Amino acid sequence: MGMESWGRWGPEDERGALNHAGQEQVRRAAALIRSGRVLSLAQPLSKGTPVPRHRARLAHFMDRDGGDYAAGAKRPGGFQFSDDTVVMPLHFGTHIDALCHAWHDDQLYNGFSSDTIRSTTGAGRCGVDKLGAIVTRGVLLDIVAVVGSPLGLGVTISRAMLQAAMCASGVDVETGDVVLIRTGWFERMNGDPCYFDGEPGIDVDAARWLAERDVAVVGADNFAVEAIPFPTGAVFPVHQCLLRGFGVPLLEGLVLKPLADAGVAEFLFVAAPLPIQGGTGSPITPVAVL
Amino acid sequence: MGMESWGRWGPEDERGALNHAGQEQVRRAAALIRSGRVLSLAQPLSKGTPVPRHRARLAHFMDRDGGDYAAGAKRPGGFQFSDDTVVMPLHFGTHIDALCHAWHDDQLYNGFSSDTIRSTTGAGRCGVDKLGAIVTRGVLLDIVAVVGSPLGLGVTISRAMLQAAMCASGVDVETGDVVLIRTGWFERMNGDPCYFDGEPGIDVDAARWLAERDVAVVGADNFAVEAIPFPTGAVFPVHQCLLRGFGVPLLEGLVLKPLADAGVAEFLFVAAPLPIQGGTGSPITPVAVL
Amino acid sequence: MGMESWGRWGPEDERGALNHAGQEQVRRAAALIRSGRVLSLAQPLSKGTPVPRHRARLAHFMDRDGGDYAAGAKRPGGFQFSDDTVVMPLHFGTHIDALCHAWHDDQLYNGFSSDTIRSTTGAGRCGVDKLGAIVTRGVLLDIVAVVGSPLGLGVTISRAMLQAAMCASGVDVETGDVVLIRTGWFERMNGDPCYFDGEPGIDVDAARWLAERDVAVVGADNFAVEAIPFPTGAVFPVHQCLLRGFGVPLLEGLVLKPLADAGVAEFLFVAAPLPIQGGTGSPITPVAVL
Amino acid sequence: MGMESWGRWGPEDERGALNHAGQEQVRRAAALIRSGRVLSLAQPLSKGTPVPRHRARLAHFMDRDGGDYAAGAKRPGGFQFSDDTVVMPLHFGTHIDALCHAWHDDQLYNGFSSDTIRSTTGAGRCGVDKLGAIVTRGVLLDIVAVVGSPLGLGVTISRAMLQAAMCASGVDVETGDVVLIRTGWFERMNGDPCYFDGEPGIDVDAARWLAERDVAVVGADNFAVEAIPFPTGAVFPVHQCLLRGFGVPLLEGLVLKPLADAGVAEFLFVAAPLPIQGGTGSPITPVAVL
């Protein structure tokens, strides 16, 4: 258990289920575009962006700003500019989890040793730099619409609920899709740190159902895709199943209400992580083109 | 001079020429997709990523890694994970310049006061969070192909050279396009810090020609789009012309050789900045879909 | 008002009241040593160190650690090492406020323009690098002992209370002394963030009394020396009085209970800021030698 | 070999040779004070502070500055302030190496496992927070004076040279002393990065001679105390001998010329690391009181 897709794309593969999203999927997804409307699915990033209690906040520093000129800084040839720097956890705001982000028994996806992830070098295997850009069909599974309201903390989304949402959408989840699951968590959270004490999300069975349909990526509008608290005895079992077992990257912290409001169940989905060498994830701005 | 597009999209506009790339442009660009091949145009990001002498390098820190488990860290329920943090200038690697990045006479694009850019709040006006995602046609102007080799440091790309490249490509630059200019700088640079002492790039006349064709964005495979050294008496005149005057964001540090090698002059271009509130730019992973 | 010591040590002076602590004060303070016992007055620094709500926490990153070797990192010639980096606000834990830290009417201590403090250069005037090391007599004014218990949030320490504590100590505050005021805030706080909503501390009259006795530095075991909430209409009036008016640096976040428990009212005091060019303060480890 | 002082102060000891500097040493050192002159032995810290090629530079960011007010920031009650943050390697500028900084065979000083040094927690054993403040006699061994000029890169300082410097100084190195070795490297370096390709410094035999005289700390005006290049087959052998074997902390990057110019061979030495929990070192401002 937990090594379902190992070897499927060869012993050196570090992209996992993104291999499902090939050129055919790109062409089919592009053909879905109707209005040309573009929606960003990313949260704004600032020092006020909500984070779980164990994560640090963003720090944003100005290296040069307008105030410096107001205070008399020189303007060679009239030129003025502003520059800045961030200190940013890579699992922050709307972000993608690389395949090296979670594992067990000292083995990552595809059997790589977790000893390849070190302080000096970062993730030698399965880092976010190995994922590449994601361009494929996006499918929204709107659990809020099925249930009639945002789900409460800890509520589990089962395989049957995903299927019901899929039925309601009229779209079949297929090979290479990015599946976006709307739980309602983000739109209810409103910056309240208590919302990080638990979350509605999928269970392992639902995760497995998605993975077995050969999806490329699973995303959600909560902070960890899966239901928290976990089932007894398990710790992040959906992370283990999807990242390590099936090689499915996760998108977390998505903003999905505007997409749901748009009433479009399938669309061109584009998201490109920052290619940080050895990074375990990346903040990301996913785009739905309707 | 220097306020050509001010007021064009209303007094509160902070997106500038991106307003040229509307839903029609999205639909037309999507229709260009042939093979479905996806190319990332971004440099890898690491502490070894080349930077100009005045900028800091990326720092990448592991908050948790595989080594910690090798050294005995606990694994509740078997769970192991890795996490990390970056310290990163926002004008780093492949990145976008927001409209607040350069100005003169204390006024930004559209007449906003540069006093709105401060240490505590970042850019109150024309920050990178105001740009939104970019989805439109990309057009490659391959100066290397026209000239026959990468350009030397300081070589100026004129309007005529852009026109020649456009003729060679068989594609007319039109409203809402993202124009990508290949100078050959990046592919020759190879990490040599001296390559930041100058660069081939466009002059103001060429910049103006692009802006007057209502392009949405101008990008290049060098570090500042424009030729350095500057003409006598000017400091970053293309930045002033495009960012401040016409409201045209700039993409810098692009990797364009693979795109040139692909032999496709027009394509779907997608790039989405991190929505850092008050940021003056953002590292970005632009994508060409062929 | 607010410029009491301006010009006292010349128009270029940036050390302020530290000029009171000269070589004579050093010799007299050294002569106070009896047992040779050394007490550090600094809080431990970690990501758990309490901070006011508007300040960021410390981040501590390992660049190399033992886990890396456990995971197989190379050991040239057998050599193993660990290295680390901090991201740290300079007003953090036990720290010193440089004379540039607070002001009004755009003028710092000694009349320097606050325009000299900019993003790119830091504090051009009155930075922490201008203070130099502090070696002089330390005097403990133990308000907790006078009152019989730690003071509540918002309680004001008056001139009379300082005088009472001085009487109780049997030591006269004299030219060049570092005066350490124990309010009991730190020992009651215990990491509770609510303790940063207010604090017991001195009022302006008490501050003025100290300054007029030509002390070199005023320190306390709270986070801002002065009582919070402020008197109506005033914002950090003690900071204004001492830093800007009299040029008296402030020591904040001191750990004073062990010193009080030692029962020694006067001692050799040594504290040396990190000479960060243009810094507005510095974490510091003050030492009392008894 | 390499465990000379293990167990000497009990199995839980993490202060090593600092145990030699007790209250008696404090009293004797204080009695050396003659003029009361205070010398800081620390380099200024800025982004221009020289570092070896493998280390990052200091970053100093203003969270609030005078420019913000010049640009119109609010002044509640007239109050203005400045605040800042640093990103700083702990082995930077003038700094102390904690006992966990170097080791071999997976064992630190006193036999602690290097598995106790991890990304999440820092150094669980022998961190800089365990050292405490250093107050004792300082002795300057001025090799530059003995040799007649600053030593060249790679020049080895032998036991005999230390003895000659000691003779010249007229002071015997004794139990609990902090020994400061002037090589002349810092005063010749002048920011030239090539000076980090090698350095004059002590060899293992000289280190052992110092350690066997029960010194508390060894410091030097170079970046690693010991001669570089190393003897064939060895990597940082003096670090191994002093930090791991004898538990002697190292002070690096000292500014010693002003001390040598003062012509005082023994003095009160005070240095107090920042008590960063799990830190492997700390920037420090050592003070000599003459």
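The chains carry the letters A, B, C and D, assigned in the order they are written, with residues numbered from 1 in each.
Just so we're on the same page, a residue touches a chain if its C-beta (ideal position, glycine included) is under 8 Å from a C-beta of that chain, and two chains touch if they have at least 3 such contacts.
The shown structure was predicted, so the numbers you read here are calculated from the model rather than taken from an experiment.
Student: Which chains sit in contact with both members of the pair subunit B and subunit D?
Tutor: Of all the chains present, those in contact with both subunit B and subunit D are A, C.
Student: Examine where the copies subunit A and subunit B touch and state whether the two sides share over half of their residue numbers (same) or under half (different).
Tutor: At the contact between subunit A and subunit B, which are copies of one sequence, the residues are largely the same (over half shared).
Student: Approximately how many whole Å separate the CA-defined centres of subunit A and subunit B?
Tutor: 24
Student: Roughly how far is subunit A from subunit D, centre to centre by C-alpha average, rounded to an integer in Å?
Tutor: The separation of the two C-alpha centroids amounts to 46 Å.
Student: Can you tell me which residues of subunit A touch two or more of the remaining chains?
Tutor: Counting only residues that touch two or more other chains, subunit A contributes 56, 59, 61-63, 65-73, 85, 87, 114-119.
Student: Taking chains as nodes and touches as edges, what kind of graph is this: line, ring, star, complete or other?
Tutor: complete
Student: Inside the complex, what are the residues of subunit B that reach subunit C?
Tutor: Its residues touching subunit C are 59, 61-63, 65-73, 85, 87, 119.
Student: Can you check the complex and tell me which residues of subunit A touch subunit B?
Tutor: Against subunit B, the touching part of subunit A is residues 22-27, 30, 33, 35-38, 40, 42-46, 56, 58, 60-63, 65-67, 69-70, 75-91, 100-106, 113-119, 122-123, 129, 132-133, 135, 230, 233-236, 239-240, 268, 270-281, 283-287, 289.
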